[in-house]
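Across the two complexes that follow, chain A remains constant while its partner is chain B and subsequently chain C.
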Partner chain A sequence: MASNDFICIENLVKRYHDLVALDHLNLSIQEGEVFGLLGPNGSGKTTAINCLLALLKYDKGSISIFGQEMHPDSYDIKKDIGVVMQNVAVFEQMSVRENIDYFCGLYIRDKAARRRLVDEAIEFTGLEDFTKMRPKKLSGGLLRRLNIACGIVHKPRLIIMDEPTVAVDPQSRNKILEGILELNRQGSTIIYTSHYMEEVEQICSRIAIIDHGRVLATGTTEELKQMIKTGDSITIEGILLSPEILAAIRGLPHVFDLTYEEQVLKIRLGTAKHNLVRVLNFLQEHDITFGRVFSELPTLNDVFLEITGKELRD
Partner chain B sequence: MTVFRGFLMITKRNIHMMFLYIVIFLAIALAVQKTTKDTSSSFQPESLNITVIDRDKGELARGLTAYLEQFHTLVDIPDDISILQDRMFYRDIYYVVTIPESFEERCLYGEELLPVTKVPGSNSGFYVDQQIDTFLNDVRILTESGFSLTDAIEDVIENGDDMPEVTLLDKNGHGGDSPDHAFMFQYMPYILISIFCYALTYIMIAFRNPDVKRRMMCSAVPVQSQNLQLVLGYILVGIFVWGICTSMPFMIYGKSFLADPNMPFYLLNSFLMTLVSLSLAFLSGTLIRREELVSAVVNVLSLGMSFLCGVFVDLDILNKGVRTAAQFLPVYWYETVNGLLANNVSFSHSQQISLLAGYGLQLLFAAVFIGVGLVISRNRQAV
Partner chain C sequence: MLHLFKYRFMQTMRDFSVMFWALAFPLILGTLFYLSFGSLGIESTGDSSWDTVKVAVIRDGSSSENHKAFEKFLEQMDGEILDIQDISDESKALDALTDEKILGIFYVKETPSLTVSKNGIHESILTSVLETYNRNAAIFREIAMTHPDRLPDAAAAMEDYRQTTAEVSLGGKSMNPNSQYFFALVAYACLSGAFLGVKSSFDSQANLTALGARRSITPTHKLKLILVDLMVLCMIHFVNILVLCLYVTHVLGISLGDNPGALLLVDLMGSMIGICLGIAIGSIARLSFGMKMGFTVLFTLFPGFLAGLMFGNTKNIIEQNCPVINRINPAAVLSDAFYCMGVYYDMERFTRCLVILAFMSILLLGIAFLSIRRERYDSI
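== the complex of A and B ==
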């Protein structure tokens, strides 16, 4: 099988005994994209990545990368792939520079070219001051940066990042995300898996939402949000409501879901203009006092919630 | 050759530990060889500090005292049980002979045993027991043969003065003694197992880290090539350590080792032990997943085998049960071969068979360790 797509996954099925980890998964990724795989833990993201990298045998389906079918011995394809795994995969006995050089050496034989690439990777990840340190001396954020440097040092055409920001502080996370966008600008296609919807929303040009090993929806962030009926989510704190009033709010135009717990009212409304004004006017007309009010646009979590009926982080 | 380079880089990180082991090994081997040689190369009767409490004061009692004085140092201590016990407790004296009144009637012609006190568990005590028995028996025989008591005692004391000349049979060109370099080879299994198991297990744990392994499997270097490079690393480290260990007898004993006709056999034996140690390191590296466990497991393996198989203590001294159990361990066969090489220059047919069996069994153990390691490794991959 060969495809014109940069990456093409068709009808991929992977079973672990009775558990179906991937259930006829289909994906097509184009060159130059930052493609996000979004799904809760256990949804099949890592299994899909492992199959894509030929680390796992699958039961059915096909995978092609750069227009060629991917096999465990497809070293011509592998030389153009960089991998940043969820766990930090480096040698504790080697220094930062030695680690980057070692993993670069698995792709680049020429010593001078390797030295140049290692220097560039160190500069790119901001590890200049830590090159002689051993990994165990590095902080969590620096360790993640080293992990990324080892994965991208050979300047691959395709970079696969499997939850690279797990357990990283916000400052380091932002640096990592900026780095990923920079890699994309430099020409790498990126597959990015995460269960952090904000990250995916921030950096991915296209997203596939997966759960139970199936792709539930694919598109840009805007396309995905347009697929659902949620327009605004309004939260009103410190409000006392009778059942009759609650029923009346439920009857307002575009309101399709409502929860009221411990004096906090949460209303989800369909796509329409002036939703917030309409709700506030109603409360004023009925002389109802309230505390703080928040209005939020739909998030990928709302998309996931509406498609699957559960929160992304459940 | 990136994987090979990485292997050597991690090995280099452990090199200080390797040299530490080599220095310890060298120190122990030389020290033990020195002390063992001092006692085994010549024969000398044992002399103890003993006390004779003479309550009889008769001629026979004086004779026995004089007889024992020929062999031992007599320490004069008052006839007080508490003082005697104290001096014995502090090992000032090892043996106390109490000669009772009417000694001649009671012990020479009667059935009564001479009361003695000795340090518990002391082997030397039996030696004094035998000397007392010899004296009394000889005097009894001579008096019953018609000698007067005085003549009999004089005769026994005179004969007791004769020292036998002991010459050790020279079967190996070293005066019946083990050659110096044999001691070094005797301790070699401990150092080989320790170094290889420590260094290579750490390296294997690093390369078997699932995340590192996954990253390497995603790379452009074929898995077969990666494994081959690791094997090459093993071989290089093996030859390096073996080279250092076997160069030590050359450096320390020089001509004496070079002149030993068994020299090639020693080298072959240690080379086979190197293979066994490498394969054992491979097996332990497959089994051990956490670095914290390495030290404990390696100590059990290296010290356990060394104590059971005659590395630290000669096989002849070990009891039969231990020797039987040790036959299931490769170091036993190494030490058996080493013993044969140390004690013989030419080999009988049965000795040649023992030599070949020792070599063959070591190879077999190496093959078994590698086989088991590979099976475990495959099973873990399948899981």
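== the complex of A and C ==
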């Protein structure tokens, strides 16, 4: 099998006994993308990555990377791939610099080139002050950065990052996300898996929403949001409403869902201009007082909610 | 290659838990052996201060030539190997045997016999004494039938037992009865290299560790990773075993032979079989982490036990009843190599031991490579 796509996964099926982990999964990723795989825990993201890397056996389907079929001994393909695992994969007995140098040596033979790449990876991940420290002395955030440095040190064409920000403080997370975008600017194609929708929304140029081993939707953030009917979500606090007024609000144009609890009104409206103005005008016309007002555009969580009927973090 | 070699060496040397089992534990065990055996001839690698074995001799009252010959034979042993107690009544002798005041009863009768109450090194010696007499008696009978004219010469030659059976081995060394424990200890130490091997193979398997996964997706060939691990670990463990041997010989004063070249060769082959055993166990993908560690303990301690690590006579009992086990048990083969080198000076048998160890190492390495070659896992 050969494909013009940078990465092509077709009809991938993976079963663990009775459990179907990947159910005819299809993905195509183009060179230069930051491609997000978004789904809740257990949705099949890591299984898909492990199959892609030829670590896991699969029952059906095909995988090609750089136009070539991927096998466990496809060393020509592997030399251009960098992986940042979900679990930190470094040697406890070696220092930060030694770890990065070791993993770089599995890809790069030339000593001078290796030294330069290791220095760049250390600088890139901001580990300059910790090069002589052993991993167990590092904080969670620094350890994740070391994990990333070991995965990207050889400057691969394709970088696969499997939830690299799990259990990372916000400062380190921002640093990591900025770094991913910089890697992409330097020419690497990136596959990024996460169940944090904000991260995926922030950095990914295209996203596949995955659940129960199936791709439910693929597209840019905007394309995904356009797939659903939610346009705005308006929340109004400190408001007293009679049932008649509630019914009247429900009847406003584009309103398709409404909840009212403990003086908080939440309205979901379809895509249309001036939704917020229309609601506020209605309240003014009926002389209704209210507290704070929020208006939110749809999020990927709304997309996931509408497609699957459940929250992304359920 | 040098890069991988350097970092694997560094990583292993800094892994204190693994180095403890491979180096410190055998040293501690050797020290405990030394302290436990106390003065039981431990200091002697040549003429030992061997304790005689207390026995009773029961006579049936006859005065035939056979009776006299056996009685004289036992008297010659008295003070040398045996300590004949002044007990002439059979029931008293049996009581003394039950109470372990004596370790055996020799019966002087037409067909001499021996009664012992348990198995052990002393009982084995008593059995050997009786067998020696029976063998000599058979030779006499043979000569009497075939060359009766030469009987006086034969009798003269065999009159003094010590003239015909000097207490030296073929190698010219007396056997310290406790040396076998130290041979088994070094053999066990060699096999304990399996802990190094099994740990390293975890780092190559994606279904066991994140490190394994990371190393599996690099362009470095798996065979290369295994060979680097093998070389580094063999080198480290070889030094471990040399340290143990130096400790046993120079600190504890136990002789492991006086052929340094042969000792180095056995240590090298021993290190290799231990590492290969560990790599093979670690590479069998279907086993879980816990099962692999369990099998490693089993495959190091049990062969050590069969080679006489816990009970010195085990290897001899196996040799008498099922010698094939001693041929396929790497610890027994290693122990045998030490015997050949330090006691027997049997270089033919020594070479056979090394060939067996080399064959086993290649076999184990082949199993390891076939197990992980092109491996994709059912689950990670």
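Basically, the second predicted complex is superposed on the first by the 314 of 314 C-alpha atoms of A that agree within 3 Å, B and C clash if a C-alpha of one lies under 4 Å from a C-alpha of the other, contacts with A are read in each partner's own complex, and residues count from 1 in each chain.
Basically, a contact is a pair of C-beta atoms (placed from the backbone, for glycine too) under 8 Å apart; a residue touches a chain by one contact, two chains touch by 3 or more.
Bear in mind that the values here come from a model prediction, so they are computed numbers and not experimental data.
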Next on the checklist: Looking at the superposed three-chain arrangement on chain A, would you call chain B and chain C a clash or a fit?
Outcome noted: clash
Checklist entry - So, A:G32: does it touch chain B (first), chain C (second), both, or neither? => result neither
Next on the checklist: Output check: A:G219 vs chain B and chain C. Expected answer is one of first, second, both, neither. What do you get?
Outcome noted: neither
Item to check | Of chain C and chain B, partner touching more chain A residues | outcome: C
Next on the checklist: Just to be sure I read the superposition right, which of the two partners does A:L53 touch: chain B = first, chain C = second, or both, or neither?
Outcome noted: both
Checklist entry - Where does A:K78 make contact in the superposed view: on chain B (first), on chain C (second), on both, or on neither? => result both
Next on the checklist: One more residue to check, A:Q93. First (chain B), second (chain C), both or neither?
Outcome noted: both
Checklist entry - Regarding the shared-chain residue A:Y16, is it in contact with chain B (first), chain C (second), both, or neither? => result second
Next on the checklist: Taking the superposition on A as described, I'd like to know which of chain B and chain C A:G105 touches: first, second, both or neither.
Outcome noted: both
Checklist entry - Once the shared chain is lined up, is A:C150 touching chain B (first), chain C (second), both, or neither of them? => result both
Next on the checklist: Applying the stated clash rule to the superposed structures, which of 74-82, 92-100 or 308-316 from chain C runs into chain B?
Outcome noted: 308-316
Item to check | Contact residues of chain A, present in both the chain B and the chain C interface | outcome: 53, 55, 72-73, 75, 78-79, 81, 83, 85, 87-91, 93-94, 98, 102-103, 105-107, 150-151
Item to check | Complex contact set, residues of chain A against chain B | outcome: 53, 55, 72-73, 75, 78-79, 81, 83, 85, 87-94, 98, 102-103, 105-107, 150-151
Item to check | In the complex with chain A, residue positions of chain C that touch it | outcome: 3-4, 7, 10-12, 14-15, 206, 209-211, 213-221, 374-380
Checklist entry - Can you list the residues on chain A that touch chain C in the complex? => result 16, 50, 53-57, 71-73, 75-76, 78-79, 81, 83, 85-91, 93-94, 98, 101-103, 105-107, 109, 111, 114, 150-151
Item to check | chain A-touching residues of chain B, taken from the complex the two chains share | outcome: 2-3, 5-6, 9-10, 13, 202, 206, 209, 211-212, 214-223
